[in-house]
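The two complexes that follow have chain A in common; it is paired with chain B in the first and with chain C in the second.
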Partner chain A sequence: MTDNQDPVLLCKDLCISYYTRAGEIPAVVDFSLTVKPGETIGIVGESGCGKSTVAMAIMQYMGANGGIKSGSITFKGRDLTTLNEDELRSIRGSEISMIYQEPFASLNPSLKISTQLMEVPLAHENISKEEARKRSVQMLTDVNLPDPERVMESYPHQLSGGQQQRAVIAMGLLSNPSLLLLDEPTTALDVTVEAGIVKLIADISKKFGTSQIYISHNLGLILETCDRVFVMYSGEVVEEGTINSLFTWPKHPYTHGLFSCIPLPTTDKNAAPLKPIQGQLPLPFERPSGCYFGPRCDHFEQGLCDKDHFRMENVEGSAPDHRVRCLRYKDIDHTKEASGDTAKESLEIGKRVLNVDGMKKYYEVKDASLMALIAGKSVRHVKANEELNFTAHESETVAIVGESGCGKSTFAKVLMGLETGTEGEIRHKGKDISDIEVRDRSTKQIRSLQMVFQNPFDTLNPSHTIGGQISRVIRQFGIETDKKKVFDRVMTLLDTIKLPRDFYFRKPRQLSGGQKQRIGIARAFAGNPNLVICDEPVSALDVSVAAAVTELLMDIQREHKTTLLFISHDMSVVRYLSDRIVVMYLGHLLERGTTEQIFAPPYHPYTEALLSAVPIADPEITKRRIVLEGNLPSAINPPKGCPFCTRCHRKIGDICDNEPPQDQVVSDRHVIKCHIPIEELSKIKPVIIVPDESERIHAK
Partner chain B sequence: MILLLLKRIGFMIFTMIVVSIILFLLLETGLTGDPATRVLGNFASDEQKEIWRDQQGYNQPVIVRYAKWLGNFATGNLGTSIRYKGPVKDVLLPRLWNTAILGFWTFAIMIPLSLTLGILSGMKEGSLLDRTISVFGILTTSVPEFASAVFFSALFVFGLKWLPGTSSMSDGFEFKQLLLPAMVLVVYDFGYVARMTRASMAEVMTSQYVRSAVLKGLPYRQVIIRHALRNALIAPFTVIMLQINWLLSGVIVVEFFFAYKGFGALLLEASLNNDIALLEACAMVAVVVAVSSQTIADIGYTFLNPRIRFS
Partner chain C sequence: MTTESTTQMPSVGYGAAILRFIKSFGLLRESWVGMIGAVLVLFWVIVAVFAPLIAQFDPNASIQPFAKPGAVAASGSTFWLGTDHMGRDILSRIVWGSRTVLIYAPLATLSAYTVGILMGLMAGYRGGLVDDILSRISDIILSFPVLVLYIIVIATIGASGFNIVIAITFASSPGIMRIVRGLVLDLRNRDYVAAAQTRGESDWRIMLVEILPNARGPLIVDACLRLGYVIITIGVLGFLGLGLPPPDPDWGGMVNETRQMAMVFPHMTLFPCIAISSLILGFNLLADGLREISLRD
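What follows is the complex of A and B.
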């Protein structure tokens, strides 16, 4: 990469608008970008900031109501905005190609992978079908897909999510494009699968010399994949620079705010809690004058920041391409501020609330195929949960970690009484509830065991008001029956979740995602439960919103001494807020212990891989990279020995394949289920290494 | 796949038996009035009715009678029509054939026409072409057959004098006579299928895989034919298969209007004249057609949708 090379892509003063009945909505304003050959550019921002619009504008695929208002997009010397359909078609897919967020949706369900791959070179080059096929198979091998011939003959639904995304990446690379656009390519995937895809993406530019634009909301992923990064807020770039300068010395208050919202290994829920950005993202037609971030900024100065809209300027004393859109960046000394919010008191762990003892849940699956009938195996078992043992205490946060399909949601269902356990016990306050269905539970039991769901968008009834929905819960639980008292109780709950009281009369569609999730929390806490299951409560939310909701949960827990069971796949959130962690894989509990024990050796090899897979948005933290091969085995046909043996990077031999491992007790309540002796596991070096405070140059 | 086929056929037979029981209970037992009165009329004496019952075997237990009846049906002995004074089979088969001819031509025109127009209009939602086709579709569907039959007769028979006004085929089969009834049916049903196709196509066109096909740089024609069409045809396919059922009874008005000697007209006559045996045969034919068209639809699905084929 040298500076005198001609840029691959040059966006200059780009303004993109959508035209609706309500009038013109400026989606992106004043956007300039240069992509050099072989360079990877990251665009980061929260939803609605215009990052995907930029990608679609580069592809010139804006839909009927979108248009480029001013500025130019020059690709290899040609202005894309002036090309006609035919000229665009010759560039799309051959010179610029795109990888999408959801691989399954972007593959045609009724065509074989081979057809979908081969048509790319066939459309752009004059080659034979055999040649196209040969090249497709080669490309599938290049993206590390095992058995490419079988993949070629598969339909998309026969592949796993990771395989689908690899196939889509292969499709994008087939005609050796100069520029690859990646729009959140790993958001829909599991963490360990994500780690593999991220490694592949990082290798692409080395192997093929392809320039890339990587769009993501995850700063950690950007750090791992990109050379330069653009931070977008409300349709404009607020800061740009090399990874090194921007991550080490973020200048814009918004960039800084984003870092304070991510649970980095340096944050702590009590000593240095997350600091959410105040306020909300303005709607495109409600943007303030001057700095768009003004109303949410701690350093806002009246008469300066709210006057005219201003342009990007170079940061003095930093790298030449580090630019920021802020008038006061020189006055703000981020080192003086505490990186986190003010410290909060830590909680005393109380008596035991939940005791899970040998809980098993098997599902029966009826196989109706002729083969199964002949073989006499028409009924088989999906072992969703196998021998779960753990406890949870009052005021404690216990995290259940694992990838999709590991059985964590099944456990939540049994706990809530939506399913009954097959064997074993779940004792809640001493009473076994594993085989009592929810309709047979007493109101008191239901009230004390509640749940916050993953997707706040679907859990509220769209035709009832917020107040009505919460009041109903209060009456159902028999907490209050008097109309006035119910109303008062709703008001207190709205205060607890820090929403204005007039939300009582609002309908769910008038609320943002974060606000809906707050309502979900209010509903769960309406009956003062002593145990609340949170099933990925923040994974559908934006970074700054997620931080606020996480903090809210913590605050309510402090107030009510609630036990939280936190189900998640995100190790960084889990590390931040939980006291104890349970690691699950394929229905088995592989490791359990306190957060410190889990995050330090000895690790279970799977825990080690999970820790390694978490992207960390701090360039000074070093991490050992472990990429798991293969897919999660089917729960109908699990491995005979250790459940993790098919993907384990520390497999010691046949014993792993043939014998199920026993629990090994490391210390009190720290248990690892593995064949490798604890002494061996203890010798493993830590995955994440945080440098000492004195060695750090980071602005924090 | 074989198992699926066997299952579908088993289910088909089961449905037909259930319907036959209901049919038998309704028409052949005292549940909805005395069959003897229905056949002999209100003025027959009790003695006459008793003799008739004895002759026809109506005094045997219901189960025995049903078994016999079903056996007869299965072996093709459909009984005797009192209206046509002959075996039902001889009356029914030519009529069914006539309706099949009418149905065939209706479909041969209607399906290509509505699919093409539906796809064209779904390709660019909101375009002038789309709006024109949609409005035309609603317009034709909202005019009932009896109204359009009158209108077309007025235009082509009395106005332009191009086509004959009746389709009785009294001098043997004549294609010209088929045109008007087919036209009425096509016009009525076309809008419905076209709108279904349009909705399905429009949805597919907004899907991400069509977007990725466009952004692969494929020619537009290939995007439509290879990527959009196959997925867009799944929903209209079901609707078209359901249209076969509709056609069997939907032709009553048209056949009666144009004096076409088809199945619908026969069904009408049978019910007006209390011709029990004929009515039963007609009903069973309708059931067989309905069940088998749905079975074909289910099997056709697996070919359109690989997700069902390899699950």
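What follows is the complex of A and C.
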């Protein structure tokens, strides 16, 4: 990479607006960007901040109601805003490619991969079919897809999510573009798969010399892939700089706020609670005058920050391309706000609330094929949960970690009584509930065991008011029956979840995702339950909102001494809030122990891989990279021996393939299910290496 | 309660709900297609309500046969649309006939919807054997030509207003069941349904309170279209002599009685036909408008 080369892309003072019936909505304001050859630029921000709009504007694919109001986009010396459709078409897909969030939506399900790949060179270059095929196979090899010839002849549904995304990336690279736009390319994928894709993306510019613009909401991923980063807030860039300068010395209060919202593997809920950013993202037509971040900023100064809208300026004393849009950045001393001063007391762990003992859940699948009839195996089993053993105590947070398809949601269903267990026991306060369906449970039982759901847009009934839905829960649980008292109780709950009281009359569509999730929490806690299952309650929320919701959950737990079962795939969130962790894979429980035990050797090899896959937004933390090969095996036909043997990087031999491993007890309540002896596992070096406090230069 | 709580308890009442429902019709102003439909339907509703004031003659009285439109009767009043072969005033018969249509068509639609929705909810939510049985029954009914079904039902139980409602319910509820079942299959997997299940709600409450209100969008549009079909059906039944027994005015029956004279006295068949078409057109345009609005939000 040389600095004197002409930039691939140059956006100058770009303003983009959407025109709707409600009037003009300025989506992006005053956006400037230079992409040099071979450089990877990261754009980070919460949803609605305009990062995808920028990508669409670069592609000149704005839809009927979007338009560039002012500014220019120069790609290799040509102003894209002045080109006509024909000229644009020759650039799109050949010189600029784009990769979208969901791989299964980017591939045509009714065409073979080969057809879809070969189409790219055939459409843009005058070459023969054989040549196009040769290049496609070569490209599939380059994106590390095993057996490219087979992939070429597959339909998209025959590939896994990770393979699909690799095929999509191959499609994007086939025409050898100068610029690749990636819009959250790994959001829809599992963490261990994501790790592989991120590694591939990081290698692209080295291998092909392609410039990239990487759009993400995850600062950790940006750190792992990019050279420079742009932080966007409410349609404008608030801070830009190289990875090093921006991650080490974030200057803008918003950037700083984002970092405080992310749980780092060095923090936990008691010593250093997350600090959510107050307030909400303003709607584009409700932006304040002056600094858009003003109303949410701790350092807001009246008469200065709310005057005129101001431009980016260079940060004094930092790298020359570190720029910030803040008038007061020099006065703010981020080191002063030590996070330790708000430390909260840790809870005392009480008596045992939940005891899962040998729980199994099999689903029957009827096979009506002729072969199955002849073989006499017309019923097969999907082994969703296999021999789960763990306990949870009062005031304790137990995290169930695993990738999609590992059976964690099935366990939640059995626990809630939506399904019944096949074998084994789940004792809740001494009573076995694994085979009692919810309709046969007593009100007291139902009330003490509640759930917070994953999808905030689905958790509330869109037809009823918030007040109606919460009061229904209160009446259903028989807590209050008198109208007036029910109403008072709803008001108290709204106060608890820190929402205004007039939300009683609102419909769910008038609420943001975070607010809906708060109502979902209020509903679960309405009957003072002693055990609440949270099924990835913050995974669909923006970081700053997620931090606030997480803190709310923690506060309520502190108050009510509730046991939380926290289902998640995100190891950094889990590290932050849980006391104990259960690691699941393919229905099996591979490791369980306290958070400290799980995060330090000895590890189960799968735990090790999970830890390595966590993106960490701190440049001073180093970690070993472990990329798992292959895909999750099917639960109908699991491996005979260890469930993890097909992808394990520490496989010791045939014993892994043929014999199911036994539980090995490391210490009290820390159990690893693996054939490798504990002594061997203990010798493994830690995956995440955190430098000592004294060696750290981080502003925090 | 302390003074800080400014939020008052809501006045729960059906009055407010009805008011909101009427207000939502104000949205129709944004779709001119829907507006035309609403005006047409409203016109016929007004005609039916004020029938005694608008009609100048007894609809069943024989006054003067074969009068041309505009002819003046002995009493001094005008036969604006002429009279039929039995000497009955066509305008009066159309005006009074609108009552028949506007009473029985909504009644039949409502009845078909009640049955269809209940079947659809059960089939979609319960699934399994219940779904199999209900779906097969509806398959059997749907495999008959509709007209044959009507003839079989009416021939069995006799021709009367009430029996028309039964016949239409019998023939169209399987179709409604299909729509509802499809919507329920999607809605029952939502988290809010799971939330209701995990707090121990009864199946019927989940079906009627949690699921059904969220299926209302497509159902309202379909109900409007179906109301149009039902009007056609009532017309067809009247035309086949399976409608209201004579001499009560019935638009379909009026066409049937005078169709052989249509070449000579076109006014006898033309005006009832226009009445039927305009009302159906009104409902169809209204459905279009509602669909347009529901897609927008």
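The rule we apply is simple: the second predicted complex is superposed on the first by the 697 of 700 C-alpha atoms of A that agree within 3 Å, B and C clash if a C-alpha of one lies under 4 Å from a C-alpha of the other, contacts with A are read in each partner's own complex, and residues count from 1 in each chain.
We adopt the following convention: a residue touches a chain if its C-beta (ideal position, glycine included) is under 8 Å from a C-beta of that chain, and two chains touch if they have at least 3 such contacts.
Treat the numbers as computed from the prediction; the structure is a model and nothing was measured.
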Side-by-side fit of chain B and chain C on chain A, or clash: fit
Inter-chain angle, chain B to chain C through the CA centre of chain A, in degrees rounded to a multiple of 10: 30
First (chain B), second (chain C), both or neither touched by A:61: first
Contacts of A:157 with chain B and chain C, given as first, second, both or neither: first
Touching partner for A:107 - first (chain B), second (chain C), both, neither: first
First (chain B), second (chain C), both or neither touched by A:171: first
First, second, both or neither for A:187, with chain B first and chain C second: neither
Touching partner for A:484 - first (chain B), second (chain C), both, neither: second
Which of chain B and chain C A:141 touches, first, second, both or neither: neither
Lowest inter-chain C-alpha distance for chain C and chain B in the superposed arrangement, angstrom: 6
In the complex, chain C residues that touch chain A: 1, 5-7, 9-10, 190-192, 194-195, 197-201, 209-210, 213-214, 216
Sites on chain B touched by chain A in the complex: 2-3, 126, 207-209, 211-220, 222, 226-227, 230-231, 304-307, 310
In the complex, chain A residues that touch chain C: 416-418, 438-439, 441, 443, 446-447, 450-451, 453-455, 458-464, 467, 473, 476-477, 483-484, 487-488, 491, 501-502, 504-505, 520, 523
Chain A - residues contacting chain B, complex: 59, 61, 64, 85, 89-94, 97-98, 100, 102, 105-111, 115, 119-120, 123-124, 155, 157-158, 168, 171, 368-370
